[in-house]
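Dropping a structure here in structure tokens format, bear with me for questions.
Naming follows writing order (A, B, C and D), and every chain is counted from residue 1.
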């Protein structure tokens, strides 16, 4: 186990290197020149050269990459090029709202979809099952953008059930006032696909031989469902949840934009828009690392719930 | 069991099962109808005149006229008249510029040209007050737009997922089949791509390339091949140790033959399912891309570029473009998803 | 005889198929299971034996429908009419069941102890502690070594035989009156099979319960069942005392079933097939075929010191080596058959695949016509490839399901440039299909339209397209029903006689190997333990392992091994 | 000397009860920006959003009268408007006494008074090569000795302690600026937020991050900053006593404002919360839900919010349903021009030859400007006919510079100059080469709306057009490197004088603000002459001539000048939009 973790961590190094390379190529090639943003309305060649020197853009590509390597090694990405604030403090401010928003969406959606999926799988083939599947499929066919635009317009503005937008400093205030509508919309968007996926996990498990054994033992159907099937079906479910955890940080761009929630998704767009390379680098590297860590954690959790799994 | 019924390939069996599945079969017809529509759109048989300004700006849908807001729609003539009035008040010339003929180097040429301008005069057309599905800002027919948009969105979805599938299958196939160094390399590639947030990849790729349908397709392919790669890698890995592949090895079939003649047809039903899943995903993805400003160019129209106009329209009360696109998109996507489910059941060789 | 424990009366089961048509799997059968007796339900695939066993506990899938007059009386109550609650009391309590695949039939995420305790707590109302103690004693009773330790193990941590013991422990936990065993040993090695069979027989006796034992292999039940029900295509062909079944079978099908199974005691020129009996004419066994290598045999393949090591990753950077084949040498004579027997993990299949270079050998030489085929470059080897061919075990997996039979047969010819054109290759393919006994319209069909035996014929025909010298048969008949197995064995024999093919016949089934091989080599854990002419080795095994193996073969009737008293119980 | 100064400052603080802190900390104003700010170091910013914050934190020497229209400069931290020498080169400012910076650890716990040296330091910072001020163009080459000092610094920090003739303090409260050339806009320039006074101690203590540490003498201080998300301003407790005492202009609403505000100590509002909301739908909905107190009307909401008279669309009135709610509506023309430029160095659209001119003219004539004003601007814009917009010194309302919309004549003109139609029906260049024009554009929804009209214009001329879509900074870079063919831009007044606009086509500004790379000797000569003249008929004559050159040569296609409509909730008192000052927060009150 320990050796396994060590090896997996070592394997992250080439991946991180690849991510860095990809990022570096993409953004040095196409990322735009931030000096033109900093220079403002009017500029001259000297100003521009000064700015480029200050940003380190006048160094050779190789030297710039070496700096990048050093930044990744120390996880210190310096200051933002657009507003000259430490990248770490910018991201620190952004993480909270994203995690809160996406976390609640994920939590509500997961709890609802797992419980509904197990119920629907239990009555699989019935009218209820088919209706739920049909509703889910139809619900999934509508673009998230439409849900958000229409939801904000009607639920918040026309009906006045929720504030139109906003974000406060107090967690409780956010939870009670600002979160409900975006979370509701987020759940509407993610519930249907989750429900369908989890249902298929449950249904697939119910076809296994051990279910027959459990029946032959005289267990009742609910017990079979809740004990035997659930535990097995949770394996893919938990894995998919673990894999989606890094997206907590990426946030929900559309929701953040429409509800003025100061999350990571907006920061990414803003950083790209302003060619704020340090911020882009930091976000990407952090997310890459987190993705890998969560992948590893997913495998370890997998091992915990499925004793068959051997970590090699 | 099937002997007496004559020979049927697995595809034929799948087809037979699909026909038994009413929902799946109806979905298939609906998807087929959309594909036809898309083809007709692409060939210019349908909605070729979507760019014509046939109605007044934001003309409401004919049947639901009363549900539209009653805003005054300004026209260029209003603006011209208002400007003329203020020009007169300020003593500006009523035509041309304040330049005298000898101040303007083109004055003579313009005078000469004006003799020939007759051939370019266009008769003013009567603009419709209402349209079946209403009109947009420029008075274009929303129905025509959505039909043409269907064509673009489906093209984007189908081509994008095709490209992603091809990319994912080739890479996944080589990785899974050969394993070892090639697999390590491809897996490295894969983990790099999956570790970078999609949004960044998207923004980066979009920034390099020009706007247009081909770019959207390319960006989609570049950001969505990973799912297929994973799937195909696992399948090739599984199939390469299957006995029929070993048998092919034993009879002397080359690696490429084993990969693409033997294994590929056996995993292709998964690809078909994956293809339809991806198509649906990409049709929805295009909406987000368009909203972020990476959609198709001005002379093209897609569902996404129509929905990107929706937020601004909705606050003015013009709901019909959003409703129309949502309706079309739901029908297609629902049918496509249902078809996917049915395909998955029908083509799975385990279910016989 | 007293009141039977279970009485199955006019049982009809139909499955509603995808196209809505009902498919009748059981066509109105009736039989009783008396108390304290073992009844064997014997039949080939499609006979409905498993459906019958599942029907008793109503474990059939939801598309199964029972006939209106069908009754399954258990202690006077019709199980088909019981409400779910009452039925659950019967399940696991009065009637318990064990299945063919212990691995998949146990829930992988619970310890075996938990799974046994669950039954105990459910039906016996035990507390956890008591249930655990009981589970350990049950495991002890079922012969699981170190039960205190293994009770906390997960199913995958146990071997197949151990898993089946756990299944049995679970089944007998609540003192059932009837134990239904659905092919419980089919997936197991022969030595393990023997142990499990003995365990079931012992438990039956000790507990005085009834056993319904479902199997496709008459020999297996010959050893310990009291009576047998022979089924075919949803009907009962014969139901009588086990002794009668073997000694004076009444039904032609039963007779055929007994005869078509290769037997250690005899080796006819051709094996009997079902058709020999069903046409009504009395069957006359063909004469004995002598076997063995002789001095003048031309050696076509000379394998020396074959070694194969697999590596798996372990620890931080370490590799774990696993020697699948250790220093194996043998010679294959032209026109003769060399049998390789061994249990799973013995390395016998690896030998075959390595010789085909489907795995690269770690060490060793294999001289084919004097050339070492193992050290050739892949390019050089290509020319030799067609001369050594292989028929795999699973006819369902070894044919590409997307190819028609014609594609399958012409592909090797195309790859090796046999035949002057597509036209001729098609003609050659048709000839070969005919030769292996496929009908003329077979060429345009797909593999899934054929039965297992037919598919194996296609696989053999595919090899023949290249006119090979050596055919490696890797468990080629193991997955087939006995009647079909006989046909394929006969075909192989005919082909050998006709083309002077040399066979490397790999199988775990010692009877089959004895029947077809001139020489036999026994492998155990990668090592060749014994090699000799087949008659010699069976008559006079030198190695302990060979002896153990031989002793484990079910002999059918007369029963001679572990259950001699069982026969007495009958009298 | 410095030490003594501090001691004195502390003493004055006690003696003068000048600090008339009266802001009600419970009054919170909610406003939104539609794009992120960059930071709050006056020397480093140039965007409108950052300036809006900076102007509330820092005090320039001079500012604008809140109510006077046309705009009027008044003293801010000075006793009076500066005395200007006869030659117009020497400006002398006398600072008010007893103005204090907001507290900051850099002041070591003492009150820190604003002195002339602070302004000298702040202006020098704009020259500092290490600061790269975006507004350095306003100061470079302007002060006596300035260039020499900059040259001496090279790439390093300016020597702030070296004597500089152009920027010097005569005593503690007197600042003297000496210009190399007469400049009639200097007072306007000095009123810009970037000329607000910073304290050297604070800057040096926070050298690594001056953007986040604005400490000034203005009415507000920065309480909280979440970059790109939220800014919170709080009334500065050290703010000098400032009483609302403006004279009414002839605008009707002024009477009400004076009634509500007269005599109040400013600022009244204790806290200003600024959030960033990029999308228009949420911004508008948030205003309607009273989550915002003051908001512009996003373009899509104009029809909903206003009753627009087709006869005179710019005189729109508030929709009665909102007017009834008491929502206040104000309207003014921005001091801006929008234009689309042709790159005069480009081989297809640029150049002085008549055929190139004809192409530019034809494109200008084909663009349906009135239609865009109707559909996109919803009538809330007037056409540009002169390079200088209304309200800016030098504007000529009688001049008509925009090419007449006449696509038919434009086509005939192209025919005349040999832009023949090829076999496919699209025009080729006179030399037979294919004709395709690349138009640069952003990627927002609004850009797409504009592009549709441009597409229509080019289609009507049968000229192929392609789109170069890019982020602003990418396009800006390529524009300045002369790589674009056409691009549409807007220029807003930095100060209300025509010079700020006429410089946009000055040949020496090519590659800088002269994106069109327009180099016309006559124009340049006229521009240089105009610099020497104050605003007046004499200069206007030159401007007219220059405009004629521009109209004739067509480096620009004139766009429009927007009319801004701003709404405020009923409880916002004293609210009046100012055309130059971005925010009015310090002058208003909330009475819920």
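Assume a residue touches a chain if its C-beta (ideal position, glycine included) is under 8 Å from a C-beta of that chain, and two chains touch if they have at least 3 such contacts.
Please read all numbers here as calculations on a predicted model, not as lab measurements.
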Remark   = Strictly by count of touching C-beta pairs, the top pair is B-D
Task = Taking all protein C-alpha atoms shown, work out their mean, then name the chain whose own C-alpha mean is nearest to it.
result = A
Query = Can you give the whole-Å distance between the Cα centres of chain A and chain C?
reply = 50
Centre distance in Å when chain C and chain D are each reduced to the mean of their C-alpha atoms = 88
Length of the line joining the C-alpha centres of chain B and chain C, rounded to whole Å = 54
Task = Mind checking the centre-to-centre distance between chain B and chain D? Centres are C-alpha means, answer in whole Å.
result = 41
Key: Set of chain B residues in contact with two or more other chains   = 207, 292, 311, 314-315
Inquiry  = Quick check: what residues of chain A touch more than one other chain, meaning two or more?
reply    = 32, 149, 153, 272
Multi-partner residues of chain D (at least 2 other chains) = 279, 281, 285, 470-471, 474
Chain B contact footprint on chain A (complex, rising order) = 14-16, 18-19, 21-23, 26-27, 29-32, 133, 137-138, 140-146, 149-150, 153, 250, 253-254, 265, 268-269, 272, 280, 283-284, 287-288, 291-292
Ask   = Where on chain D does chain A make contact in their complex?
value = 32, 36-39, 44-47, 129-130, 132, 134-137, 155, 208-212, 226-230, 275-279, 281-282, 285-286, 288-289, 291, 470-474, 476-477, 480, 494, 509, 512-513
Request  = Spell out the part of chain A that touches chain C in their complex, as residue ranges.
outcome  = 3, 6-7, 125, 208-210, 212-221, 228, 231-232, 235, 305-308, 312
Query = Along chain B, where are the residues that touch chain C in the complex?
reply = 2-3, 7-10, 13, 17, 20, 242-244, 246-253, 257, 262, 265-266, 349, 352
Key: In the complex with chain A, residue positions of chain B that touch it   = 188-189, 191-197, 199-201, 203-205, 207-208, 280, 284, 287-288, 291-292, 307, 310-311, 314-315, 322, 326, 329-334, 337-338, 341
